[in-house]
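Letters A, B, C and D mark the chains as written, and numbering starts fresh at 1 in each.
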């Protein structure tokens, strides 16, 4: 029996991380958007959607489960998306939401207003969506998805502004939380970041009259666009007739960009805040080697996300870097378990230890983060079975002890290992010779803040590590969540 | 290149004919609905949908393109539709609308209101939908489909009534045209017919506490339910806790049931207005034999819809009934045409002449109707090629000269053969020895009106034959349609 | 758990009925074959295959499960089948054989010989296939299918003849049983019927230089080919360069065409032995009315196969013909059974009684045959539930008491109702007021033998009724089958 | 128009590389085989097949296009493969062979002999297959696939030996070329390597009575089996009733294992000839740094295959290792090219330069091999566009100048860049500052031969580099291929 959805439009798994992309001014904007979304696929693998507009054929859309490469490479699909203006969205896979009706949750969302249609794609999470949704339903709006982002299009529909750009401002002034938005009307491509700039959004130039908006710079690279600049926190850009105009619809606020984008989420070849993500991660390894040195024979990454920090650790410590764990390129989770018990089969489908290399060695394993800790235990088992003499874990982020409410899918606080154990307890529970996390200050230094974290006014959103939430998660508080400390 | 939709939610092909079904009071209502929709498949083959409600699992829905038997027989699908209450809809195939987004047009439609959710399935067509839609959009409603029927659920969302049944009344009092509606809340199954009762809807009893609503009685037969009675024109029934209560939300009006349901649309084993549809059709053949006799050797139906009238014609005339044309049970339209030209291949995929029988004979062909006339010409060609001595067409309906705006998909008036030619001109154009249609009076007599049509106050809606529209098609008039005569 | 095949190439369900078709001399022979197979789809619905040959592209093949219309209408498939010469096959669905490997059983079979390739399609059943297969395996042949027909191609591969036509003769002289075969080399289309001519095969002319071979004449009609003549029992025709040459590879024998083709299997618009199949079936009804009259109000066919005999019965008896049972055009078997028990749901998915017509009437039901009898009981139940006063069954074939070993899939003798009961016992077991089968003599008269059956030397194969097998089923006898009487 | 296959069983693309796996002695051997094939997926991605045997259910098979994880994780499929004995095969994708009939080419192949059935899976390539096939066809064998490997099963079918193990020996003594074979009867699992041992095959122990055979040791790791030893060149092992017996069916010969398995084909976590593949590759980088040093700022691998050698180069040279090129995890080839020309889009779908890192730097790129050289040019373009100051290519294998006829798919000699240019010419054609390949001696040293290559009697097959073919490719010579030097 498959799990039931309580009802198709009411699912509380709203915490997806996403990628957004938009293009204006080329003959076939949807093809550019497909490429851009392909480059952003790491931000969301469950599903993707594209809406395009053509002067004769109007708005068209296609929304599909699965990878961009499988859905938006087909001429049959792409021919239904003509025109010089298009936006798109990729969405993260949340357990259980894939089904007959969940295609409704795939963005972009479209609304037809009396002055014409508009589509929006949203990356982030709204912290007052439940309250807004309740209010909108009471006033007669009919929601078609379970997504918080749909509130934005309903707020736009009910705005009394005559102009769609103004309606977007009206709508976004009502929402709270983290949002980077790409939107389109029949003639305009629009990009907005929330006042704190929690999620990224960048502007690229394809030609003198053609432009692109992308969650990350790697999306610009794939279409050969020049990276111009980041959209700033609290900024709204409107691109029409080849011109980019900028306004500031919100009250000014201090930037609080998500530091986890540096640690894990963004692609290593993207540039965030003027820095190579790869370089920041390598530098995290350098900081870790300084903060938590240990004698060993090899430094091995847990592939692939631990690789840059492992390289940095090796370079700083002088201990040789090696591929001690090999990742299976053809992963899959759902093999039938052989009846003769195989220990750790789940892990073996994805990883294998380089036995001949590891045997008898003292191994430093560099991983990006520890969430529930269960994977770390399995990896430790594999390494020991292969004959390692010692295992030392070094983690390229501080202990993750708080859930994110701004667009990263995290387990409840009770399931986070670091919310329940000290570093030493975690070491013993995982069963390794040593376990060390980078400090919050070390992380800030690696991210370019030479003085470390400004505790009075932190330079980043680091709520998942610190419990300090820059925007109060009001829906969650209503549901009983206890915040460590109010927004600063 | 595939045709573009002007935009995914704005398609003016709203003239589909549909079938609707609902069940309350059994353990697994969706399975009953699947069976009922299977029996009603002739009313809509493009797509189908079911919404169910379960006290624990809430509302669930599944909507699919294709036949009921292919989609709603799968345990994986049906297990997602638990509960004692379900409604469903099958929809007619309109050219070009099958695509990535058109699944949005598949009913039932669902809306979440502050007092709970509701789903509706609609058979018929609203004649003021364009005006309503315009108004609702201006007030901030966001339409998700191109279907007129969606207006009903938005009108419900905006009603100030506290009770969903009252909201349905509110909504249906605002719409004009033809509608039979099956709706559901968490606890109620609701059925409504418009004041003129243009489209059918019947009530059946499954057990003392379980009930069904169906477009036709054949939907009751398949689930073993007892046919109790028709829902009356202008009546609303609400079934809850095993009890059926009836109200009359609309101003009283004289019934104008669609006479074309008798001629063609309903299944021959259904009972309409207390009469067997098969018997009415056989009687049409009897009337035709009286009105338009001719000397001949064989009476052959154009299969399968012409069969009952051909039987009647044979019985009244004494001319032997024979299967002169054989239908291929495994039809298909899209065979690649062999390069050596084969005349009439399209027709041959579906029909073949019983050559050894037809050769040298004078043949009377009985068909249900003539719309564009092109099929009639091809059939005549096949019969003559097989060596028939004479071909006489007898048509079991009057000339179709006007479009239907109440839920039957008809071509524009300019494409209707009978709108442009006299009976003699049609005979010559088709190229047969004689061509005769049943008269409007003859049709009424066959339908049980012994005195024929009451021209002062017709007993049926016969606008497609007479041009007399019982409800003014206001959207169409706004677009320039010229009606023969105002509503009576 | 799905049933296991004992192994993929060893399944004893070899008794499928099939349809075969071949074309030579047109630009795109495979398209003609696809149309011909579509017209022959009633002879086999499980799967179909086409092999074509093109001077440049050589032999190509496509074999698929499902209807011809679903598989061989696709340009992607048909473009892989170029050339002026093609043959095809449709195959009957036998339970359990559809799976990963069973596509190997789909004909035509292809073999590459040292002098070039050949493909064959076989309709019928070989009665010494098990012995031949055993011998061939011992000599080193590797079978790829579970089909008896594959023996023919292995016998061809091992023939010492230099010419493929001669190899076919060699091979067919080794096999026993019933076979109509269509074969092709790079330049020749070949047709053969076994010495008794048990299965049909006809020749048609497309143009002066293009020809077709088809199981039935309806396959010629769909491609606009002229029916020239039947291939005679024991005849082999070779068509090359637009010329048809005929030889007689076998010892002469008296024709024993399958009388069941007249009763049930062939299409009513086909011509067999110079007679319209429809007319033979109507005449069966006439004979039945003479042999087994009864007082009643209506004559109703069990649709659709009983229709022609019901028409004949009505015409001879003067009792009105009526559609008392309506068949669902959108059949399906696998609906989930609602938990509230619905009696006879299986039957209701396909058939519904025309209640308003049947109520209170004495009804004669005309059916084509009785095999296990279970369907007859269910139909009787439906008719009585609908209120019929009396039910009289009239069967358009004699009691089926013996299995067929010549290409019709029949249950074991122990499961055949007529093998275990007298006519009166069957009447009581089914539960009807009367039950009568046509006599064997009556059937022969309807089929044009004015003097009835020549018991000394029957004009047809009627083993399924008489137990007199014209070819001893040697494999089955080896397995223990007891024949009533040796071959005549 | 899709390309035509000349005919479905005659395709000369026989040069696939494959992976093979077998298990005996567990309850559900097919599940183990599925896991093993998953670990060997890098050896063949086009298709896979498994045959199992169960005492009651006999032989069963499933063969599918696509990844193991997509096909052999499904309970519906795996339940059809019961039993304690199973073998499997994965196959490399060769252009154009994927189609309706090519599933016939997917191994294992099965044959039914008079003493029972047997299945075989073959990795390698037979150099006299064309001649054998011709002979077998003349003697009456019918080939069902275009695969050379099918010869083996036909040779077995025609052997006069009574025992299947003996028939395998008979068959393998007739074939020439490279072969590692896994075979099974109803009770035995059999493994064989050709006399030179060109392709790998290893033995693993699951339990005291359960055993596995795998192309590489990584296949043993995933099922938790202990790596016992390699099957030796010219050895045949037969495993039955938990016992392993070894025989030597062929004349003794000196081992000539494929050195390219070390360079590229095998997984880095496998152990070949007692050495970690990863360590050999890292050592190649060390040798390269010694043979071909250059001043630079960064050593970057072309991901992922160049990674181990790049690590070695960095460690030996002291130049920092860095991820200068990032690989897209969600690759895809078939994106629609935007109409505004994007240069090098094909490469960008898979790779992106880490721009912020590369800008202004002198970069050493380490790649595994150069075949046609076109990819190298595109990568160089990307690196220079990103602002690199210098680009130096270092290649972890000698120039590939000769085709492989032993199971690796290589282009014709005329398309191999190194067959037509000197190292300097290649450097200029690719357009880089320097280009150096490892020497053949350097490669042998890295592979553990301290003295380098023994030119009188080479320790490995290195025909692709040296043109010295250890087995004369007789079919190819018959077709006109000119070998540099006869087999040694």
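Assume contacts are C-beta pairs under 8 Å (C-beta built on N, C-alpha and C of every residue); 3 or more make two chains touch, one makes a residue touch a chain.
Each chain and its UniProt protein: A, B, C, D = Amidophosphoribosyltransferase.
Note that the structure is a prediction, hence the values are computed from the model and not measured.
Trainee: By that same contact rule, can you tell me which chains touch chain B and chain C alike?
Mentor: Common neighbours, chain B/chain C: none found.
Trainee: Shared touching chains for chain B and chain D?
Mentor: A, C
Trainee: Please name the chain that ends up farthest from chain B once chain centres are defined by their CA atoms averaged.
Mentor: If we average the C-alpha coordinates per chain, D ends up farthest from chain B.
Trainee: Between chain C and chain D, what is the gap in Å from one C-alpha centre to the other?
Mentor: That pair's centroid distance is 50 Å.
Trainee: Using mean CA coordinates as chain centres, what's the gap between chain A and chain D in Å?
Mentor: So the centre of chain A lies 37 Å away from the centre of chain D.
Trainee: Starting from the mean Cα coordinates of chain A and chain C, work out the distance between those two points in Å.
Mentor: 62
Trainee: Using the touch rule from the top of the page, what residues of chain B touch 2 or more other chains?
Mentor: none
Trainee: If we count contacts the way the header does, which residues on chain B are in touch with chain A in the complex?
Mentor: Touching chain A from chain B are residues 1-2, 4-10, 54, 56-64, 76-77, 79-80, 82, 99-101, 103, 110-114, 117, 134, 137-138, 140-144, 153-154, 157-158.
Trainee: Name, in rising order, each residue of chain C that touches chain B in their complex.
Mentor: So the residues of chain C in touch with chain B come to 26-28, 31-32, 34-35, 38-39, 41-42, 45, 67-70, 72-73, 75, 78, 206-207, 210, 218, 221-224, 267-269, 271, 275-276, 278-279, 282, 304, 307-308, 311, 315, 320-323, 326, 328-332, 334-340, 342-343, 345, 348-349, 352-357.
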